[in-house]
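Each structure below appears as structure tokens.
In what follows, chain A forms one complex with chain B and a second complex with chain C.
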Partner chain A sequence: MKRTVEKVLTITRLNKVIRRKTILKDINLSLQAGEIMGLIGPNGAGKSTLLKIVSGTAIATSGRVAYNRNAGVGILPESPALLPAMNARQNLELLASIRGVIGKQEIFEALEAVGLDPYNKKAVGNYSLGMKQRLMLAQAIMEKPKLLLLDEPTNGLDPLGIIDLRQLLFRLADEGVGIIIASHLLNEIERMCHRVAVISNGSIWREVNLRTDEEQSIEISVRTAADWERLAHWASERQLQLTVISGAHSFPSGMLPGGQRVSEIVELLTTAGIAIEGIRRVPISLEAFFLECSQLEDGVYR
Partner chain B sequence: MIGLWWVDTVKLIGRRRWLAVPLAFVLVGVMNIGVLSCMQVNVNIWDGVLGSLGSWLFFRFIILLLFVFLTADSVLGDIMGNWSWLTLPRSPGRIKWWTVKVISLFTASVFYFYVGTLVLLLISGACLPYEPTLSQFACGQSYYSQGLPPLVFPADANPIWLITQFVLYSALAAGAFTLIPVALSLVIRKSYVVAIIPTAWIFLSHFWQSNRFFFRLDLIPRLFYGVHFMSTSGSHESITFAGSLLYILLVICACYSIGALVVRKADF
Partner chain C sequence: MFGRLLKFELRCLLKKRKLLLLGTVAVIALIGGVVHYLGYSTPRRTVSEAFSFATDLIFPLLLPLLAGIATGDILAEDTESGLLPLIFSRGVTSLQYVLAKVVTGVIGQVCFVAGVLVIFAATLTPFFPSGPILTYAVDFAQDLAINNPWAYCLAMSLIYSLAAIAFASIALLVSVWVTNTFAVMVAPTVIYLATVYALGMDTPSKISFNPYGNLALGQFCGLPFTLPQIAVYWLIVATITSALTVLAFSLKRKW
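Moving on, here comes the complex of A and B:
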């Protein structure tokens, strides 16, 4: 399905101060329809507070949050909040009755979408944590919101559950839903998200686009020392920074900055007579970003 | 708003802890019949209800206290348990969300007292004779007392209509009383607030009821003075129905307004 560029969420100069302590500072973010954005940062960085403000359960001290409230917002809190004596369908029917915009059919579809049996009469209190998490996800998506806020969505999910979640989120994104995920599972964020915002000390420290060439470096290894010399010369002629990463006991190799096509580089190097041993695009390491932002906080939770 | 009210009410009365309601009313009903038996007076089925709801001791320490424990954490529990994450964004607004919380509390109160009355009627129906009118004991010098003076019921009153009024008034007053810790829990978000404050209040209210200074400060006798239950006040302070109703409405308005002010800017 063709993606639109419609913005489903715009956050402008958002601040949150609680008892003179700044929780969020000058947050500016936007989310497009069909985009999945990850929020990462150390504990207490302000991720959940940001989601709460967007959802309307917390109030910003200043700033603006704009999204289409008629289109609704789906929310998955960090820990499940359900009525334990009721079964899954009854829980969803109860919550759906608040807005009254969907019927039983949509509730059945939502339960099936998250891999739960709509006819299961078991009380939710007897569910495993993973099943509760699936049900929470079902309540978040059942009203077909255009904006989905997920706080630690993989909590309690087994590997199969995580794969199902990933596929479901991709499908929702294809349908034009904008999704924000706050999580500590960096591998999952890397796999699921198009873009990541790193929150540190209440501010957006850095935003990274995981799906563009700009941010992804290119690792090249060549056969001989002579090839390496030619490669270094070729890079300096084009004002590309070549960072040495190995060579003592293996093929000489280095890292070129992103922003270029691998196929073009292969063609240019071959033309220049450089024997390439290997070339690959190196995915962005969120772990490195996370560590860098943690270092900014001196390794101390604030 | 109706959907939200339904959700809140179901959440409030759908909890396992509400299983204590029939048990508590069975206990009150049986104890009341025991007291009536010891007094060796002519009573009928209606005394089973009026005696249970009208006895200050049963009312304060079992019926009112249980209702407080069942409902006073209705807002705090939603906040602590993340339920407000699911309902607030679906609500048409924060003030409406709070209004529905208050209405649900009173709905639960009416439900509570009607279920309780049904249980009391079943017990007294099994133990006491049926008569279409109130007993002479109820219309004379009964021991029934929701405040300090004994309650005296009109002899020509229709028992069902009278009990209906009694139950609705008790539900209104119990709702108003519980609204105080509910509103307070929006400001002080500690679970002890919703349990300890009303409990301490009920105990102090009982043991200092002869203290005129405390009586003037105490809300409970003012809240629970019966509809048209003339009191033989004697040397005790007496409060009229109009005064009592005004007091209840003032408490409701004050707590609702405080809650509305807090909810507008609160983080959940």
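Moving on, here comes the complex of A and C:
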């Protein structure tokens, strides 16, 4: 499917200072239509504050947040916020009455999209945490916003709920919705997101594109020590850094940087007479990024 | 947008079961005041005098708490429950939001106090004959109480409504900074009792009149007030606290 390049969110030089403490520092971020972006970082890094500023519940000290306000923004806060005495449909009808842009049909569709029964008369106060989370997701998507901000969307969801959520987000992304997910579940972020921004100490420490070859290294193992020597020579000729990752008791293996096609490397090595035992692309480890950005500083976590 | 937001806030308020419970408690308390009234002597017991006695006895003490619980927490509960971000994400500005809350508070208090007093008056009607208020009326409106008792009751109801709006506005102002709903609900009572205590203290500058009278809710007021003056007094308190609430909330940078 051809992806549009329309930007649904642009954050420019955003700063937030509270009582002389810098919470966010010079944040520049953009999100394209149909893109799912993960926001990860240690507790207190500034993720929630950034989402609050975008959703309008906090004002930045300086900088600019631009998105189509007419198209609205759907948000899923970290904890469910609903009127417990009402049922799911009544909750959504009440919230929808603020903008008045959708009717009962859209509310029914939103409830069905998240796997809830629109005819369920049970008060929301009696819902399980997972059902509340589904309902919160329904309120976020019911007005068909072009921008979705989800804070820990898998909270309280069972494995089936997480799979449903993933499929729903992929479908929304295909429809051109830009989605930002803040979560500590790195494996879910890896599965759901196209791109990840790592926030540390209020700054974007690093942005990683999870769907590109550029960021994914290639692990390669060869049959003999002689093959390894030839591989090292081959890599140095092409100015590729070959990192050793195995010892003497297994096939010699190493890591080549990303940015090359596996098929091309196989062809080149075969031509050079190197016997390849195995080769694979290594997915980016968000855990490694996370540990790197939250490493200890003077004995305490940053 | 503001009209729809106001409708939303009023619908949220109407869904609260606590208003029904609170109204019942208020009517029962007022009936308790009538029982107390039966122990006092008067040339002629009438429905309007029973109404006047009971409201004068109960409301000066109970009104701040009733007002605080009824609508005083409408701002704090959104922050505490997390509903506020959902409202703001729908393009509502902080000014629109806080204005809607203030107007909802005003409408809610007027309806609540009026509802309680109408039900209370209707409850009394079968048990007492109609007639003038000969004994238990506030000092500054004795003539009105004797000549036109229902106009007197209506005027006092208006003053109670205005006082309730002022108390609820105080709670709203407190909730700009305090998110604990319990603390917000009892804030008007605490402030009211503290003021009453301060005014009643034996200081050289003390003016010898009843502190309840000074807050213009009691029947033994020693100052030459008139009904319109007292109404304006509460109106000013309500207006100032509401304006401060709107200003303080709008100027906040994080909600």
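The rule we apply is simple: the second predicted complex is superposed on the first by the 293 of 302 C-alpha atoms of A that agree within 3 Å, B and C clash if a C-alpha of one lies under 4 Å from a C-alpha of the other, contacts with A are read in each partner's own complex, and residues count from 1 in each chain.
Here is the rule we go by: a contact is a pair of C-beta atoms (placed from the backbone, for glycine too) under 8 Å apart; a residue touches a chain by one contact, two chains touch by 3 or more.
What you are looking at is a predicted structure, and each value in this text was computed from that prediction instead of being measured.
Q: Specify the outcome, clash or fit, for chain B and chain C once both structures are aligned onto chain A.
A: In the arrangement built by aligning on chain A, the partners chain C and chain B clash.
Q: Using the touch definition from the top, say if A:195 reaches chain B (first), chain C (second), both or neither.
A: neither
Q: Need the overlap of the two footprints on chain A, from chain B and from chain C, as residue ranges.
A: Touching chain B and chain C on chain A: residues 18, 52, 55-59, 72-73, 75, 77, 79-81, 83, 85-86, 94-95, 97-100, 139.
Q: Going by the contact rule set out above, which residues of chain A touch chain B in the complex?
A: For chain A paired with chain B, touching residues are 18, 52, 55-59, 72-73, 75, 77-81, 83, 85-86, 94-95, 97-100, 139.
Q: Which residues of chain A touch chain C in their complex?
A: Spelled out, the residues of chain A in touch with chain C are 18, 52, 55-59, 61, 69, 72-75, 77, 79-83, 85-86, 94-95, 97-100, 139, 143, 149.
Q: In their complex, what parts of chain B are in touch with chain A?
A: Touch residues, chain B against chain A: 3-4, 6-7, 10-11, 14-16, 81-91, 265-268.
Q: Touching residues of chain C toward chain A in the complex: what are they?
A: So the residues of chain C touching chain A come out as 1, 4-5, 7-8, 11-12, 15, 17, 81-92, 253-255.
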